[in-house]
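Next come the structures, one after another.
Shared chain: subunit A. Partners: subunit B in the first complex, subunit C in the second.
Right, the complex of A and B next:
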């Protein structure tokens, strides 16, 4: 019986192929547009979040109590060896890095800027965020700025490209960093630029100088203390669970998730979801209107046909099924076409990215990558399928109501 | 005759006309409102970014923006003052000297920008004075008194009347150190700026930094800020003749090109999103027009049979759709315009957005629309053309059916 219903519905759609095709194209284009918007916008947000997590805070950050609000050399994590012990045995932890931080003034013979030193272990940073991958090759430089090293004397420094530009320094240039040490005394050290980094994290590119942990420790008068432990997990969904366990393990420390440290990025993600939902609703409301129009006219045109069918024993339920199947065929074809084109578009932009270098000044200013790689999530397609299904089902309600109230059998008896 | 037929047809197919009218009118209203919102919020962000500190026009050494070092100072500030005093297009100007120093309170040290400013003139050029939170703003007679950002004060753990020491280098590259008293604390809302800026009377600054007749930049307020670019060009011509080609005047559009581009990019994404919605609406209007004209194939066939030419039928159908489109676009434009005016005075506040803007260095807490009649007319024209284009295919298609076939159309 279903096969017969489907055949009649299909024949009816083929008979009015121009309008059927228009509806299918309309659904396909709307879906393609929606998938493109969702994939690219999500990609942009996720890239920002990913950069912040990898380069700066990890999925979870550990600080001494009160350090984050008042970064003081007295508020350091005193015994990081205990943390090492826990993190090294936790299979959920992909990598972690320990940093010693202090703000101060960096100057050259001709310029000065406010900056922060990050005392790090380069091997840990490499595991954490492939820091060497951010080394910035500068075409107009007389030397290739690609040295991922602090040198034998450990006085080398890796600095953000914006800071390097402002100070007009390149590899080999000397910097003087002045800051307060643990005793509250102002002191300075000479650093030699060994690499320039472009991480697309505004803070890092503009204000951070990576130095060896040993150099930072000696300069600041600290021993085994660290300011910040950034932890990267294998699976982001485990962030909350790991945070809770670490909080129980180290109640004296402040253990925060990335979204607590970067609330604006979490808001961006949430705003993107809301925005996608609003766009999707608007698009599918319009799609519904299109389908309603076609189905309504299709039903009104065939009142005599339905009347004859009822006269020869077809029930209203069977006619209703024909109309519903017609609508579902339209929606289904549109969805398949749109999903294929949209999916292929996203696959392309996931592989090659959307190059917006024409706006490179804007991206640079806000610490973003000018090439955005699309994200593909099954939820894009599932949500779209639900929306198309709802649109098609809702759009047959009015035609069916009209069909029921117009009593086709009476119509044929009048003709 | 054609006009009468078109009007009759619109009235005869009331439901189709109403649906089309609502669809196009709401799309137009949405476009007008979205454009007004994007432009309004962008204009506010730019205005805030410009007026808080950088100013509409800056004069500095050509190499200074890229290399903010003492090698690229304005070495004869009085020569530039002379030029600016004779400019009729300028409302106000002031010189600044920006340097970076290490501040030390009783407990903490923080590197930050220390700028020598002309306090009385700055009132007209930036929002520094208006952003006073505690204590008081600087005066032209101040000596070792400093006006400091709220976040910087918090980091240094200092309050009004506390003493602060700083070390830095003077304009002659000599080592400089001094003790200053905090006179006032300001908060502009730009987190980074509030966390890394402090100001001092330039007269005193010149004394301790050996910066007499030197400046890193001049900030200029044109009488009409909208003409910043033109005024900058005039100033450039004057500077190259009377002072040196090494100095340049840059409008805020040139200096803050990244921010301007970011706004353009945001608008572009906004229009892409609207574009997708409008493509769907374009198809819906096309489908409705197709259904409407196909419902009248027999009528059109009869008209053709009694001598109406295809061009007359084309004119009638296009006029019909044109009238409907005009009415819808006009209604949509009015509704969108009313919304633009309303939300200009009652800006939209999206809770949580402030945090996001703060992260990108923008001081915005609400997002107003802007009422710009020219922009509304542009959007209405776009919608009108789109609507007419969407009806073109159905009209051409139905006009191609031979009269006999049309008369027998079921």
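Right, the complex of A and C next:
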């Protein structure tokens, strides 16, 4: 009997192919839009979080106790060699970088701004966050930046593009950075801009100056100490476990996950999930109403047919199965079509990105890149399948109620 | 013939199409139909023929009175039980054929057998047997809209008897047929009655058709005015 049920349901859809096609296309377009929005929104959020993690704090950050609340030069990680030993032998660690930080004043002939120097090993930073990928091509210079370093004398500096704009400097310009050293003496050093960065991390682009670790060490009067160790893991899901192990290994240090350092980022991710769910619900409410309308008409115009089937001994349950199978065939076809089109769209935008340069100013305010790369997650398709399934099942409730309340003889004799 | 195969006692049916309007379709109808009977219910239009057939077949419920089919009290059954009774014991031939439009002739004939859970082989054998008997064996793969009225009615008859019901009800089965087709159909019903022993009750107001029956019941204004066995 199931094959007869399926055959009647399928034949009914084929008999009304224009209407069936309209419903399938409606579901497919809704699903395509939903997948696109989810993929792009998630991509925006993940890019923002990824940039912050890679350029700034890593998955895990290590500080000396009390340093974050009071970033004093006396509160440094004393012996970073021990940390090196542990991290270099941990397979879960993809890369890490050690930084010396100090806040001071950077000035030029035109302007002065508060800024922070990060004393880094350029190779470590390159491994950590592919720093060269953030080089800003439009640096008020005809020279296209392809290579960068701190120069032979190690007095080069990489600065954020916003800071460069405010200081009105370009590659080759001189900066003077002034700050207190370990002895509390006010020191100044001359730096030469060797690169401009645009990371879309607001903090970095507006405040940070990368200098060589040796230059920073000499300037600040420090030896082997570091202010911050940023660790990047191969698998983000291992973050908690690695944090706990490092905390046991180094109880004298403060070891924090990225979401503990920047809870707003985590909330951004959660907010995006909620936003996606709301949008999904709204889209599928609209789709459900469309399917309900079609199924209701489909049942009402076949009341006589159903009445005949009941008259010869078909139970209401069997007729219900026919209507449900019909609805599921419509929903399933729409889902497959929408998933294929949506999936291909996401694959394209994952590879080539969606260029929203028109809104670049707005994106920069939020630390987002104007080119957004979509993400593809199985959960998009699973949630969409559940939504389509529920929509199609809900859509048959009203028509079935109409059918159940009708007597076969009334239907056959009156229609 | 065994008596009291179908027992109808004091059946009354009142329709209420509007709040203040009541229509008395049947009034205190009493009938007995024997097993293997070939009975016709006749009368002018509006006399209650279709209403009576619908009540006998469990498609409608009487306002009062009882219907007993082969010892089972139909009037006391639930909708689900009536549905099963129709499937297992009663075959219907409607005036307007009422074939399932998306199924082929073969699938329409097999439909009730499939509902009963018959196997593919059983369905195929029975369908072929009936199709040959009713001269529709070359039309089995056609859809109803590809068949003439007479052909559709023969498919409807085949569907009604395919599952070997105890009782076959036919509501004006020849009304929409030309005279030749009507005569052919009646011959087929007679053969089914004689060869397969199916109890047949049909309604008609055509004297030629009425003359073919063994048992005649005449209704007028919802009442039985005549109930006699012919020849």
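By our rule, the second predicted complex is superposed on the first by the 398 of 415 C-alpha atoms of A that agree within 3 Å, B and C clash if a C-alpha of one lies under 4 Å from a C-alpha of the other, contacts with A are read in each partner's own complex, and residues count from 1 in each chain.
Keep this in mind: contacts are C-beta pairs under 8 Å (C-beta built on N, C-alpha and C of every residue); 3 or more make two chains touch, one makes a residue touch a chain.
Keep in mind the model is a prediction, meaning the values are calculated, not measured.
In the superposition on chain A, A:82 makes contact with neither subunit B nor subunit C. When the two complexes are overlaid on their common chain A, residue A:12 makes contact with subunit C while staying clear of subunit B. When both complexes are overlaid on chain A, the residue A:305 reaches subunit C alone and has no touch with subunit B.
When the two complexes are overlaid, the chain among subunit B and subunit C that reaches more residues of subunit A is B. In the superposition on chain A, A:240 makes contact with neither subunit B nor subunit C.
By the touch criterion defined above, A:293 reaches subunit B but does not reach subunit C. Contact with neither subunit B nor subunit C is seen for A:277 once the two complexes are overlaid on the shared chain.
Contacts of A:4 after superposition on the shared chain: subunit C is touched, whereas subunit B is not. Contact with subunit C, but none with subunit B, is seen for A:314 once the two complexes are overlaid on the shared chain. The touching residues of subunit A, counted against subunit C in their complex, run 1, 4, 7-8, 11-12, 15, 304-305, 308-316, 318, 407-409, 412-413.
Put simply, subunit A touches subunit B in their complex at residues 18-19, 22-23, 25-26, 29-30, 33-34, 36-37, 41, 71-72, 103-115, 165-166, 168, 178-180, 184, 186, 262-265, 267-268, 270-271, 279, 282-283, 286-287, 289-290, 293-294, 297, 356, 359, 361-362, 364-366. Of all residues in subunit B, only 19, 23, 66-71, 99-102, 104, 107-113, 155, 167-169, 173, 196, 257-262, 264-265, 269, 272-273, 275-277, 279-281, 283-284, 286-288, 290-291, 294-295, 352-353, 355-356, 358-360, 397 touch subunit A in the complex they form. Looking at the complex, you find that subunit C touches subunit A at residues 50, 54, 57, 59-60, 79-80, 83-84, 86-88, 91-92, 94, 98-103, 107, 111-112, 114-115, 117, 159-160.
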